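Dropping a structure here in structure tokens format, bear with me for questions.
Think of it as A, B, C and D in the order they're written, each chain with its own count starting at 1.
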């Protein structure tokens, strides 16, 4: 199979279930909403070393937000519901409550699972209930005025670790292919690409030759080791590769993002191969075959 | 005392010592360096709820970086040296190693205290030593090529919690005063303003009327509670206020940032009072009187 | 009439017909498309002193562009069709053809009026015809490869000079109200706000007490002259005001943008009055009464 | 000669004298200063089709501006002093006067040549003189308050058309090499790179096989024509190239920018050749040999 003349590997991405919540951050202006969203989704590339995975899902014009102000939807993701709750509390409390002119709303009001964040206790009994449209919210007095926040946040069992590889004849072709993919995915609802700028430069495998390490570089995907390791998966004509990792609210959203991202990458000159990562089925129950995407 | 006609309170900011490290992130282009710096300094507003405080210190043109590429210096800060080490490991490992085209260098090579990060073990014995100028570094094979990283990062005992309040006749005047202050401070070396966009919209006090809360809103600084609490510190002519919190590599850097920020805020029309936050000397040994700054 | 408690003046905006074309700029990535769009729409605030009015209409994801790459739609506007043609030629030739990885497409394929740009002659007989979807285009060999461009650009008789005033109790409230309005309008199709950042800080009137000047400051709308001119239109409680000027593909688009912008401005604390500008019906045949917008 | 292993052509750039002025734009915040600077330097890539060449020279922190607020220095350039004057008047009048919170100052106070802009006549006799530091300025009442502007702007005989070519093994390598060069040059005082994002994707030659065209694509530098034209200057191993064009306040600034830009481009993997453009000495008296730069 190929797209725009670029061969697509006959393989699959292996992903796994994870809990995911959406927070809608609104503010006086787009820039202030974005500053809060960026802070609230930082240090959140991979649950291997970060306390969660998070990213900006999409910009929401005022007509799509509860309070009519411009906003951003962010997604926060963790395999553990308990850790997701912790992270919702800390990230709303430390990165949105503290940010100028913001409010925070439940972005999944219809989800059956509700995570109690209960930030209003910060109000020290000075808080009071307010309605924003049909939502019951709290207004907490703070230095800039009143911070409006919802008490509970819906959560769904989504999919984390959707992925594909963009391989280029040299580093810059692969990089711009990856960037084009991220640009395209950023327009889609229901998904995030949690790594820096949406792009992963280093892949890992479970285990290491150093006994004290749980994970280490995945030598099979290292171009500079192609001649040094027995079973390199870096094709002859590939100088560098990048991975795009996708977390989404459901498998359909992840599949759509993979398809859109792969097509966008294939349009960049110098991108010569597209593949995906899996661990032979040992990691997760969700398998997404590239050939089924198109 | 006043500046540009704006009265400056006769009070002091109370700050405290904290360990602080600088990481220099370089990349192929300014944008890619910035993407990594933003991710690596996210979720890092306050150690009350975040695992560290962090921010972008300054942009470094290629002539000021170890490898001649454009970069950003970031500061990572924690009262505990042990937690600082943990955060250096996680943030370099999860947010810089994984980011496209980046390298990570020790930004405090002359500091006596050295924090061993030892990210090279990720290389699974495929890593090798390289020199970048006069620095001994590791090259770790990854998907995009080789990631270059230094092994140890200097740390100094700096100052966290430097602060001042920008008070405006209404919310937007206070907000733009705060923003002007952050703009001015962002040009200074040795300091960061770790909150979202550099600005704090909500202050806190120790304790709460809810027994299970350790911290809560500081009602004395809430404009909407001025008539409801006995000893409000919000002046009659103030409609809203913001705090700027500053962490720096030493007290001199924090003092300089406070002076520069206060002057910048005072130039915004509608800013009517400038003050600072302290806890009567109970929080920290560093006291910075506003009147000594000018 | 009022919105969100802010009074809306019982007056109308006076606008006038103008020719308007849309160019779709695509590129390898969103950033490169934007760089071209920004250059191509610069120096284009008002036809009083600029050769045209222009602005970015909206971002277009790949699925909405002719070649499947990310892009921006820009609008270029001039009362004179001849000058519009000149500006299309120069701005596509100097600012899009020269920009990395871009292509330029006719954004109004269904318009009856066609403006021949014929950039392909730049190809010096090395150009060749290509099809992009169902569009006949030219491929012009250049340094980076081939530049793809359409030959003709549709134009419609649209409306220029739609406007409203955002008045605040001080400068920063008015400014942020104006910015919120621009944010909201930027999400709408068919319109641009051509001034810097979308906001006008200085209004003008026809004529001057200096005989050699055709236009001059509109003293009736200057807050610092309120006590010095006989018929100031600056209300007592207003410290500053800004104007939002809107050009659109038809009157309906301009009306919608005015309504959306006014509502957004009214949500910013400290915005205390909303009005619009007219010249007593002497400027243009299009009159848009604010009371009819809601 | 080579740098970082990349061969540098034994050739020279041909440039020519041009008049150049610097305007310092300050504003309440960095963002508002930048919005005005971007508008004022748009549609200004080449005097072949634009009314001038212009760009942002550098960001200026408050301590380096006349009024202590953050700002940007822009350069405006034209071979004709008369056209430079016209463009200063229009760009300051239409793009800075109209932009929120800005002021405009003479960025070359020591230049012998003074260009009278005299924007204060816009004030319709309501303007008044003010001092900003040691500068005599005008305050013009406008909608947001008073606009402060200097009357005269220094101009010097600078150098336009400094240039070099970045050639890559494919398009993305060349493009990122060009971007790295622009990043590096953007940190230098006294120069601008006036094309979109600083990069030129299409070169031109004088004349055409179409009699009515004065300029056309330079087929010798078109990779897709390498096999079709007799004397292609595109090396065998080059898939695409970009040009960086530099205007500067003097030849030394342009030479420095060329050296810094070439070195930065040479650090991007896949950049394989660096050269420069000339017209055999027919265009301009300034010749800058690449071998003399290092």
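Going forward, contacts are C-beta pairs under 8 Å (C-beta built on N, C-alpha and C of every residue); 3 or more make two chains touch, one makes a residue touch a chain.
Computed from a predicted structure; not experimentally measured.
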Set of chains adjacent to chain C and to chain D: A, B
Same-residue or different-residue interface between chain B and chain D, half as cut-off: same
Equivalent-chain rotation between chain C and chain B, CA atoms, steps of 5 degrees: 180
Gap in Å, rounded to a whole number, between the CA centres of chain D and chain A: 39
Centre distance in Å when chain A and chain C are each reduced to the mean of their C-alpha atoms: 35
Shared-contact residues (touching 2 or more other chains) in chain B: 28, 31, 145, 171-172, 175-176, 268-269
Overall pattern in which the protein chains touch one another (line/ring/star/complete/other): complete
Chain D to chain B touching residues, read off their complex: 28-30, 61-63, 68-70, 145, 176, 179-180, 183-184, 187, 260, 263-264, 267-269
Residues of chain A that touch chain D when the two form their complex: 31, 168-173, 175-177, 239, 268-270
Residues of chain D touching chain C in the complex: 28, 32, 35-36, 38-46, 48-51, 89-91, 93-102, 121-126, 140-147, 165, 171-172, 174-175, 178, 195-197, 199-204, 208-210, 212-213, 215-219, 221-225, 228-229, 240-243
